[in-house]
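Note that the chains are named A, B, C, D and E in the order they appear, and that numbering of residues resets to 1 at the start of each chain.
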Amino acid sequence: MDAANYLYLSALLFTIGAVGVVVRRNAIVVFMCIELMLNAANLAFVTFSRINGDLNGQVVAFFTMVVAACEVVVGLAIIVTIYRSRRSASVDDASLLKR
Amino acid sequence: MVDLAISVGTTQNPEAILFWVLAPLTVAAALGMLLVKKAVHSAILMASVMINLAIFYIAQDALFLGIVQIVVYTGAVMMLFLFILMLVGVDSSDSLTETITGLRPIAIVASVGFGGLLISLIGRATLGRSAVGLSEANMNGNVKGLASLLFSTYVWPFEVVSALLITAALGAMVLAHHQRIQTRPTQREMSTARFRGESLANAAGLPGPGVYARHNAVDVPALLPDGTPAANSINATLKARGDMLTSGSFELGKVDTSAEEEK
Amino acid sequence: MLNSLTLLMALPIIGSIVVALLPKTKETLAKQVALITTLIVAGATIAMAVNFQRDNVDLQFVEKYSWIPTFGINFAVGIDGLALVLILMSTVLAPIVVLAGWNEAHGGRWSVKVFYILILVLETMMIGVFAATDVFLFYVIFEAMLIPVYFLIGGYGTGQRSAAAVKFLIYSLFGGLLMLASIIGLYVMSGAQGGHTFDLQALSQLEMSSTTQNFLFLGFFIAFAIKAPLWPLHTWLPDAADSATPGTSVLLLGVLDKVGTFGMIRYCLTLFPDASKTFTPMILVLSVISIVYGAFLAIGQRDLKRLIAFTSISHFGFITMGIFAMTSQGQSGATLYMFNHGFSTAALFLVGGWMISRRGSSTIADFGGLQRVTPVMAWSFFLAGMSSLALPGMSSFVSEFLVLVGTFTRYPVHAVIATFGIVLAALYILIPVQKALHGPTTAGNENLSDLNLREKIAIAPVIAIIIALGFYPSPLLKVINPASAHVIAQMGFTDPAPTNGDK
Amino acid sequence: MEFTTPVLNYTLLSPILILLGAALISVLVEAFVSKALRPITQLSITLGALVLALVQVWRIRNEQSLTAAMGSVIIDGPAVLMQASILIISIISVFLIADTEHFTALAASLPGSDEERQAVQSGNQVTEVYPLTLFAVSGMLLFPISSDLITLFVALEMLSLPLYLMAGLSRRRRLASQESALKYFLLGAFSSAFFLFGAAFLYGYSASVTFAGIRDAVVGSGGNDVFLLIGISFLSVGLLFKVGAVPFHAWSPDVYQGSPTPVTAFMAAATKVAAFGAMLRIYYTSFANAQWSWTPMLTVIAIVTMVFGSLVAIAQRDVKRMLAYSSIAHAGFLLTGVIALNKAGLEASIFYLFAYGIATVGGFAIVTLVRDAAGEVTDLNRWKGLGKRSPWVATAFAGFLLSFAGIPLTSGFIGKFSIFSAAYESGAKSVVIAGVLSSAIAAFFYIRVIVLMFFTDPVEDGTSVEIPSALTSLSVIFAMIVTIALGVFPAPVLNLISDLATFIR
Amino acid sequence: MTTSNSLVYLIALPLLGATILLLAGRRADKWGHLLGTLMSASSFGVGLYQLSQMLSRSNEARPVTQKLFEWISVGTFNVDAGLLLDQLSICFVLLITGVGTLIHIYSISYMSHDHDRRRFFAYLNLFIAAMLLLVLGNSYLNLYVGWEGVGLASYLLIGFWNQKPAYATASKKAFVMNRIGDMGLSFAIMIAFATIGTVSFEGIKEHAHHTSTGALTAIGIMLLVAATGKSAQFPLQAWLGDAMAGPTPVSALIHAATMVTAGVYLITRSNFIFDAAPTAQLLVVIVGAITLLFGALIGTAKDDIKKALAASTMSQIGYMILGAGLGPVGYAFAIMHLLTHGFFKAGMFLGAGSVMHGMNDEVNMRKYGALRKFMPITFVTFGLGYLAILGVPPFAGFYSKDMIIETAFNSGGTKGIILGVVTLLGAGITAFYMTRVMILTFTGKSRWDAEAHPHESPILMWLPMAILAVGSVSSGFLLSRGDALVNWLAPLFEHHGEHEELLAPIVVSGLALAMVAIGVAVAFLKYSRQEVAAVAPENVSVFTKIARQDLMQDSFNEAVFMRPGQLLTSALVKTDEHVIDGAVRGVAQLALGSGSVLRGVQSGFVRSYAALILIGAALLIAAIWVVI
């Protein structure tokens, strides 16, 4: 079993997450896709941690989770605010500012 | 890729099996997130991806992270997502048709290119050193190892993260907290206001909604004796949200049975 | 008297501060202060010119203060004959412009005060740009000068003034930025060859590959060619001249554009002698095109101000040709030409401006028979025109002929083609003269008033200088010659000896 | 693995600690101080903390330390300079933030609702912006001194999160403001994910999360550089996003436009300093030896950024958006400083950042002053004739624009000159040429605004210039003085920078 | 060589006059004409004084120089403002100041009714000064100043009545065509400097013998170009006819006696160049020959008395040029003809002016007739001039013109025969058209308009005419007596071997007289025997039509130079506007346009922004993929 497989998986999940950000319209789903990307990064960290035989990677992953949690709070607060004023959670509706 | 190959004792084969079983599931769940219509389903799929990842973490000797992933990430963060989804409307579903011209092909090309190139690149990587494995690092136990890093080397970011947490809390409060601008009117004041108002029409209180009269929900207005709907019988909040059904269809004499059937 | 360039530069600034402190309503006082300041500066410059050692080719009145030591930048000034002549021209023109355009500032966007502040600030920069011996300082002033001119055109001009001002500014900025790239190149190279510096002398000692030299040269040259303006980078000039007030036009064409030709000598030739040689054929062709093209375009103009602008393009062609002919006659002629062109253009623009402001139109066809109505004005214009077509006896003849002779000895074909310009010059001057001054007095021109005393006082010195230098250019040539000879020698050229045919 | 007792050098960390402490006090103030007293209290605390932090930074200016926080941060000359720049910019930004006119009275209220109206009438204020600002500033201070990926990431989030929030707090056009917050947040999180992914690969490549470790790996690497390159690229995506480089720039025009103008000023100026500070450090120390790999990439990005920013700015009709594109163009110019990879480049970048930051705050401060009955007027067409109505304001704005355009005798010129010469020195001539050409394009739109203000007749549509509050005028005047002073006598500042600007590793 | 300090007064006096008159403005109206005349006369006085001084010295010591100041000095290009008065220049000085003074006097009366008489005298003085500078300058560059100076004066005087658009145009035309010639002079100077290294007469003369023929030929040809411009020679002759727009005294002074002869002066002065450049010399001869016939032919068809005289001038200068082109022998004869022509042609012009004066400024000879009775003095003076120009012995023209015809025949070979025939033919045609002028003007029946009241002119006008008439009668004899002029000028020119005589002088004279007789006879038959129409008849031969149009010279210039020039100008104006400025504006538009297009990237959708980031990242990855 090749540890690189985890890296492939991580890259794949990251890509899927990135695509999700681009294709999904619901702000919350978009945000979840971003979380997916963060998770993919975490998987990479953990895998590298194992390859390198060094726990720093896991520490980073841990920090990532904490930071992601904070981000989620802020992000969801913003999404809710927007939803309350617009009655819509679609990111496409938020396109007043352009050009 | 030889460099990256890890032969870590007995776990080799079981881990491979685990990986090949769970990895497709994970990818499938992740892809599912993109493809399902309902946000809630996406959330569930996301949670399943996270749990799978947690298993991978544990399989990769990151026990603590695996647990945290389940407890904090899946348990807390994803729940927060679900809460918000509920708040926003649980049954809202996305149309998956693309409305921005040209975005979808671009997205597909970009992502396939991105993913494909990335994966092929990883395939071409060499490290010039062999993989180590965590057995030595985890000698004193994974948690202990992490703790000693966290509280010595990374004590500064660890401290600073607290600021982040405060920021998050503060931010949520700024955006969500309705400060009381004016003192809440007492019952007495409200009562006085009712009788000192412009007319006495509402002195006896507002009419209740037309629940059970023609319909079984609070978003239908009551009917006045002359058969016209009483607009003020609907809760102001519903009105403000625009959730009120158009009352015209409930007037007497113009009973619209189709509304009934629809429900 | 005071022999400090720094003080000379400070004087107009002080004047501008005084003007700025005046109350807005005291317009006449502002004008008077400006006039007196410019007169003092002119006097001080003349005093310096008297103290100037003519035979000394080194820089004189040198001053040097550290400015930005990190980059090796100094506030360094000093003048040679070339710079002296141009500073002299600028400072003498300034009071004339102030006096001639006494009422120019009215009808501007802003108050009269602002106009004179801008003029005075500009005068400081005009002195500084010629006096700078630090490339960086030169560049700073070169660019900063654009701002007051920009506001002078855009704020006090006529017609499409803001569009013209923008065009002028963008063009110049574009050139300036290319020059900046070259300056950076020089700076970096100086760093590699014994310490960062912007000292002109030191930079001229740099060793560089011919490719580098060519590119850096182009950066400078294009900037100067826009300024000068050389075909085909000239199209901003007619618009700017068309829109600017006459006084501004005088400063713009008479002084500012000289920075371009001055720069070609001072910077292009000094810093990049080899590249200059490489590009000489191309530049000479452009110059000849400018001469002929400018003349034809001038002939084809219906608007007086545009016409004058195009004549200047033709004249700048002569100057550039003289510079790159690489003969002492060409060099000296070109330098003298710069001086003379300042005055002849000043005369044309000032008188033309008076004509236009009286008639309320700048279309040549609107004038007619002015000679009968306003003889003094007509004569002034006529003399200015004669100066522009380089009639012998006028100062510009001397310079134009020197340029032609100097060019002929090395580049006969160019000189011959350029000489055709003198026929065209006759046309572009005589056509407006005929239309505007001669012929029957046409409707609308019967009641124009002739020049008043102030205007006569303003134009008299200009014409006097034009004629006096036509007959006796020696004082200037004696100042210019050593500087020109120095440049030619530095370039490694000697004047072609008489061929004596082939016998 | 033995546990080592952590030792923190509190003196060196004091600027950040002061700010964090003040932020905490601020939060408490929110809870315990009466509404009426809150604004002034918060303002004093914020300004006091910032000034104190600045003093502290000044006092440690000659310190150098790799171990101030167990190796998580590096204190050296550039760090001090960046921190000082950020603090100065923050102080004058706070002057703008203090003008309550720009922030919503109650963020939680629906736009256009009664609640909002009542909140406005009652003079309610979202004084939370002060602690948020303080948090953001402390994040910014931390960002350029971080010396491992973890701290870098934490700092990145720490400076971003408050900004996401603040972007949504505008008083007028609240929907747009909230939209900008959403966009900023989503894209910011998106780019952080890239950042993190890149960090993972750097970690994989070097088996270390510290900059020094990465550098060692770069110097003596055994395998090929795939992971390094992936790491650099993705990390760069995150950083380039923050500085607003093309194609990661798209958020900035929208966010600049939608955010409350003081916030725009703050984030345009201070974030740029912080982000470039971090970028310079990581490229100059960790990646320096892999120069061959990233220089072409950054070169292309820099060129595209400058040209794109300048070109698109020409077509803008809104002053804030125009400034946003101009800031994109400037990001391109600043990238040349990174590409230069020499001491001159570092010095130039620091100078440029400071000069640009100050001028930016000044510029946006002017934007806050031009208003009609409905708030700020950012439509350029309505700026016509501003020079006639309020000559001083227009002149100041013109001054800032000229500085942006890099006209001599303004700080922008010295900045441009020094940064281009540094890049030229390192052989990046193509960037210099592109920079020069796009400066020419850029000049076009700066000048267009000047034309609008001075050479176009005013339209009578109620647009007027507010009498600036004392604090706003203070920040404008300060910015103006700095802009001119750095243009005319930059020597002291340049000397200071050149004395201090050396990265230790 | 002698130096003198007084040469400058020759020029300074009239220049001072011009300056005072111009600067004083209307204040000088009362006495302006007197001052002008005085200045001219004083200059003449100085000239006489110089002559007397010169006569008192030996041949070698006669030339006088004066260095005024260093004019232009750059590198090896050193030109002093210096004057040179030698045997050649003194002839001109006296002619210019002498005839000039007479014409000043004439003008006092002729212009007395003009509002701007003062200005007229200022211009005349300016002209005298410039012309004197032309002949006194000691280098080509000094000459050039005078050369263009007379051009300016001529411009001002032709356009003196420039309120008439046609006159203004005429003056402009004269100036521009002169400038074309001046260009030739510029070229000559440049070539001289480039090849010889100096532009002074003395210097070039010194070096001429060791300078290549090619260079000298080039200089010579360019000098010829200059001469054709100033002297209205083919192909730059077209301006002279129009120049008659100026007041008649101007035509007499500038366009008959002095300025137009500057070309002859130039060629004669440059004898050292032409002597060494046979090709250039040949061209001179050819130009002279062509113009001689050209002018004569035009003269036959002109009804305007001044234009007829102008055509005659052109033709006569053709003789001079031809003479000057015939090398060392011809120079003196050219000068002699120049001097005699100065007298008789000036006299005839003044006569024409007098006629116009009496005829309400009518210039059309067909509206004259029988004026002999009304203007006897004019008739006599004019008649004497007529006889002189015909070359009837012993009038002045006989001596000078016969010499040229003789020299032409003697120049050898086929060339000699051709030239001789041409000059003879010219003499015949001259006789024809001058007779025509005499007949139409003074004899026959009157064909005046009703309001004309012909009368004799006042004394101030007829006195100069009378003096000039005396000159017309006697000058030829005086100058050729004992080869006076030839010997006087001889020191200046290289010695030449005696030519073989093709025809004896007496034969030549006989032939010439015969031709004249034929010409007179034909004219007499055509105009005296038949009624002359008051309006020019239309049914005339093609030749007449063409001749009336100056042999199509204007049409030619218009078609070949003016129209294409105008087209070129307007094309260039359009090019400038659309192509060059268009390119500039195009660049601006391009920037603006691409800005607007790129702006589209900013669609407002956060997802497309994310896509942009994704694309960016993908590109980075792709780049890595390429690199690794």
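The rule is short, and it goes like this: a residue touches a chain if its C-beta (ideal position, glycine included) is under 8 Å from a C-beta of that chain, and two chains touch if they have at least 3 such contacts.
Here is each chain with its UniProt name: A, B, C, D, E = Unannotated protein.
Only a predicted model underlies this, so the values are computations on that prediction, with no experimental measurement involved.
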Of all other chains, the one whose Cα centre sits farthest from chain A: E
Chain centroid nearest the full-protein CA centroid: C
Which of A-D and A-E has more C-beta pairs touching across its chains: A-D
Chain of greatest Cα-centre distance to chain D: E
Distance from the mean Cα position of chain C to that of chain B, given in whole angstrom: 72
Intercentroid distance (Cα basis), chain D paired with chain C, Å: 44
Inter-chain centre distance, chain A versus chain B - centres from mean C-alpha coordinates, in Å: 13
Geometric centre distance via CA averages, chain E-chain B, whole Å: 102
Chain E: positions in contact with at least two other chains: 588, 599, 602-608, 610-611, 614-615, 617, 621, 624, 628
Residues within chain A bordering two or more other chains: 7, 14, 17-19, 21-25, 30-31, 42, 47, 49, 51-52, 54, 56, 59, 63, 67, 70-71, 74, 77-79, 81, 91-92, 94-99
Sites on chain B at which at least two other chains make contact: 100, 103, 107, 110-111, 114, 118, 121-122, 124, 127, 137, 145, 149, 153-154, 157, 161, 164, 167-168, 171, 174-176
In contact (per the touch rule at the top): chain pairs: A-B, A-D, A-E, B-D, B-E, C-D, C-E, D-E
Residue ranges of chain B touching chain E (in the complex, touch as defined): 100, 103, 106-107, 110-111, 113-114, 117-118, 120-121, 124
Chain D residues within the chain B interface of the complex: 1-6, 8, 13, 16, 20, 23-24, 27, 30, 69-73, 106-109, 115, 118-119, 122, 124, 126, 128, 131-132, 135, 138-139, 142, 150-151, 154-155, 157-158, 161-162, 164-165, 168-169, 204-205, 207, 221-224, 226-227, 230
List of chain A residues in touch with chain B within their complex: 1-9, 11-20, 22-26, 28-29, 31-33, 35-36, 39, 42-43, 46-47, 49-56, 58-59, 61-63, 65-74, 76-81, 83, 87, 89-90, 92
Chain A - residues contacting chain D, complex: 7, 10, 14, 17-18, 21, 27, 30-31, 34, 37-38, 40-42, 44-45, 47-49, 51-52, 54, 56-57, 59-60, 63-64, 67, 70-71, 74-75, 77-79, 81-82, 84-86, 91, 94-99
Contact set on chain E toward chain D in their complex: 588, 591-592, 594-596, 598-599, 601-602, 604, 606, 608-610, 612-613, 615-617, 620-621, 623-624, 627-628
